[in-house]
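Heads up, the thing below is written out as structure tokens.
The chains carry the letters A, B, C and D, assigned in the order they are written, with residues numbered from 1 in each.
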Amino acid sequence: MSATGIIETQTLEVSLGPQHPSTHGVFRMDVVLDGEYVVKLKPVMGYLHRNHEQIAEKIAWIANMPYTDRLDYFCSMTNNWAYALAVEKMAGLKVPERAEYIRVIMAELTRLLNHSCAIGFLLSDCGAWFTPVLYALRERERILDFFETVSGARMMCNYMRFGGVRVDLDDQSLAMARDIVARWPAFLDEFEKLMTENEVLIARTQRVGILPRELAINASITGPMARASGVEYDIRKVDKYGVYDRFDFRVPVGEAGDTFDRYMIRILEMREAVKILEQALRDIPAGPFIAPEAKLRNFKVPAGDGYGRIEAPKGELGFYLVSEGGAKPYRYHVRPPSFINLTILEDMCLGQKVADTVIILGSVDIVLGEVDR
Amino acid sequence: MSNLLGKGLIDGLVVTAKNFVGSYFDGNRKDRLFTYQYPEERMKLPENSRTFPFLVYDGTPDQLRCTACKICETECPPQCIYIVMERDANGKPLQRPRVFDIDISVCMQCGICAEVCPFNAIKMDCDFERSKHGRFEDLLVHLPELLKSNEYYHQIKSAEATRVDATRKPTKKPAAGTKPEKI
Amino acid sequence: MDAIYQLIHAYCPTMPDLLALVLAILLPIAIVMGVFLTVFALLTWVERKALGRIQNRRGPNRVGPVGLFQPIADGLKLLTKEDIVPDAADKVVHFLAPVLVVVPAFLVLAVVPVARGFVPVDLNIGVLFALAVSTASVLALFMAGWASHNKFSLLGAMRGVAQVVSYEVPMVLAAVVVLMAAGSLSSVTIVEAQRGLGGWFVCKPWGFVGFVIFQLCAMAEVARTPFDLPEAESEIVAGYHTEYSGFKFALFQMGEYVAAITMGGITVTMFLGGYLGPGSDLPKIGWLISACWFFAKFGIIVVINIWARGTWPRVRVDQLLGFAWKLLLPLSLVNIVAMAVWHFSPSKLVGWVASAVLLAVAIVALVRLNAGAAFEKRSYRFTS
Amino acid sequence: MTIVFLTMSAVTVLGAVLAVTLRNLVHCLLALVLFFLGIAGHFFLLRADFLGAAQILIYIGAVAVLILFAIMLTRNITGTEGGRGSLGGAWWLGVGIAAALAGLMCAASRRSGLAEKLPYGATEEGVVKEIGRLLVTDWVVPLEIMAVLLTAALIGAVVIALEEERKR
């Protein structure tokens, strides 16, 4: 059933979501179908809007930290870091070396956690009946245990502080982290053996949802998605924030920019993240974990503005803050990677089939908490 | 594909078979069957873990550390704490709360109240079994329910409690006007 | 039937003839229904348990010992649930669809020889009957999808119809090989034709290819992963039974399961030697041993189904149909030729080699033809 | 047996009547399927098991589905419009044509002596075999003509599909 000169068929408008098993939350796609082909797709966002930016402008600088946990609830550590980075830039706080290392460890563990779950859910969208997801969750559990031991909470860590981190890593938790990192390559091998060469997966993902390089740049796509399209852009390399210039790691870049590339780039990035973690856990210096001049209460940021950005697992996560010198931000703006990456969903989905829209959406790797804020 | 077509499918089957068989010979539970069978077995929570706040008292419940300074009330991100200071017959403030309510349906367990408290009076609990039948009144926790002894604090978080006790030793009960310790 | 009739006469000579006749008809039906409904309930438990272990979970373990009573609990739950019919639905068709799903599934059971001398109805066209009746489920799919007045349902139904119709063709053609070998359409005769060491049809080149084709088609026919498109939950919610709840939903699940069971039974009968096996011919307890053999072989099919479901992703609609028309259909035609080669070859060895070579060449050629440009090996560059 | 025959006939006739009188096209199709089922039942009743099974396999499994796709392709896909014109004033014409056709078929089958040629005496097992034998001996020419026709149709379908593929 396709639109040709021979038989005129009617299009069918289907609303995928907000209650749909694989829209990764309350997200809606208004899809116009011709048979099984997508001729039009409109992403509808905002079901999870909760006034994140407005709330932030009403409360103290530090009180915002737990709110950033809830942006991308998979990666609270990197959210914390981006926000802390922006504030530190404005306040001119110097972060002690040990804290920088701890931050790198946390961020890279978050990357492992996010990517493994992202591809797990992508495969689940392909119909692999939750097996890959549960393998990913099994490994994620270790990282979450580690996060809980260190920060007190599994997902809403609220761990970073302006000028450092809240709790130091003791030897026991460092050993825990080393154990996780040591296990990870084996898990990746198992995962890859399970799926990467699976013919069904290849047939489903190769040349599906192609994002051309130019479009990726023009739409300011970042993160693994941009790199899968061949854009060599990684803020860890560009900005060298934190202590990333001390680690030896490579950035994988894809060619075709299709769903399969986005899947593979994530796996390769995890392998690189393991390398970074090994180095960071080996080299972590002793010293204070928070800047001595940093304080929690009555914290004021000098007037001015600042933009702090990091390479979050999903892409560039930025916080643009304006201060009037008071105890609260005057303006607080988030540049969430999944929101920006989601804007070109229609371009990737046109001409594909309904079944493909779901896996293309899965390969974008969105978290609605961040998209809608 | 350089290798044989269908190899990927077989490889996947091998992995799932290994996991299937492995789950029966899984000595260390965390390797494969990582779920806890909740009501029968409980997770051992690490010391740092935090759920809802509680108020620490030394000895008897009337010797609570809280001075109703309202720092936690102002710093609380979702504004879920409500404090009214006790006053005597003449209207003189008594440095302890008459009302201390926490709406745990709003509380987001961030632990900032415990961090900012200069008197180590409010701490984070480890008890996650707080479900109630009602949605509103039942989840509004009042002062008597919030009070927990220092012994309880030692019981759930011994290292942290010992550290706190060490810093508190010199001044048993902070006098009015004591500078809050720097954090 | 006659045997039971005689038996009843022998033990209760006073019973009126008509009653004895009715009993003789109803008794096998009751036995078959009872056995297969138990198998159905047990199988849902086995599947959930096995999938759980595959996925590092425990599976159901709360109701009864190791969760054995879970199917009963599920049934009770679904029975007590509210039955919701959408306002815009076509009420009559919406009601009829779940019924129509279950009926053909059970009808097929009538021709499956479960043990030696035990087949509810030994139709002389047994296999054809089974294939024909199982096709009728197409209609139920369509009725459910269309009557629900839901776009997801309709999409699922159209997918289901296209899928079942497409896979029917290679399935019947794969079955033709067996019919040629056995020279009969009767299920009992087909089983008896597989006597002897290595007599199972699956042990022969054409039989093996036929078995693989038939098994794949059977999986597609009853919408099991990786061909579960009509109810692909990540794409179209629940497909054609999106708008069903309560016991109607249970009927859909049951219909599907029973269809899967009967398809497994047919596969066992046609390719795996049915109830045959060492000891199945013993005089007194032979029927019991043969039943054990049947269910053991049936277990193999179940394992294949569950294992595939726990591992493989789902294919896409066009790939699914392309697989049927471009690969399975030509292969099954070549398979018939291979059977002819086998039949007319002068000696067994020549037949073996000739048909095996023919099939191997056909498989390689077809795979090459279809997968020529489909899969590419990717390499990634790294910047540092 | 008479009761069974009468019920079956009633169902068959009911299906046929509903198929032409119902307003919703999909309902008509379902009624038609009921009619097909009735015919299959008649075959089973006459101990023509093979024909009965073939009737189900071909008419319900294939023909009905074909009509279904035709309806889905030409009408509103969700079937919301439903209705169509009533029987119309020309119903007597249809009845007339149907009667004439039925008469013609009866006469033709009686004249040709087809009935005598069919393998009545064969055992149950033999019916299928006999049908198969007749198809490739006595009736081989019609069979081959049919095969050529179907192949031509198949090739035509492939050509049309290829054309569409090229356009896309």
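Structural remarks
As a convention for this text, a contact is a pair of C-beta atoms (placed from the backbone, for glycine too) under 8 Å apart; a residue touches a chain by one contact, two chains touch by 3 or more.
Please read all numbers here as calculations on a predicted model, not as lab measurements.
Chains A-C form the pair joined by the most contacting C-beta pairs.
Greatest centre-to-centre distance from subunit D is found for B, with centres as Cα means. A straight line joining the Cα centres of subunit A and subunit D is 59 Å long. Between the Cα centres of subunit C and subunit D there is a gap of 27 Å. Averaging Cα coordinates per chain places subunit B and subunit D 73 Å apart. Each of residues 72, 77-78 in subunit D touches at least two other chains. Residue numbers of subunit A whose C-beta contacts span two or more other chains: 1, 12, 131, 135, 138, 194-195, 198-202.
For subunit C, the set of residues that touch two or more other chains comprises 54-57, 151, 154, 158, 310-312, 371, 375-376. For subunit B in complex with subunit A, the residues that touch the partner chain are 1, 3, 5-9, 11-12, 14-16, 19, 30, 32, 34, 45-46, 48-50, 71, 75-77, 108-112, 115-116, 124, 182-183.
Contact residues of subunit D toward subunit C in the complex are 24, 26-27, 30, 33, 49-50, 53-54, 56-57, 60-62, 64-65, 68-69, 72, 77-80, 124-125, 127-128.
Residues 59-60, 62-67, 69-70, 131, 135, 138, 141-142, 145, 148-153, 156, 158, 166-167, 190, 193-202, 295-297 of subunit A touch subunit B in their complex. Remark: subunit C residues 51, 54-57, 151-152, 154-155, 158, 225-226, 228-229, 232-237, 309-319, 371, 374-376, 378, 380-384 touch subunit A in the complex. Every residue of subunit A that touches subunit C in the complex is listed here, in rising order: 1, 12-14, 20-22, 33, 36, 123-131, 134-135, 138, 194-195, 198-204, 206, 232, 237, 248-256, 260-261, 264-265, 268, 353-356, 358.
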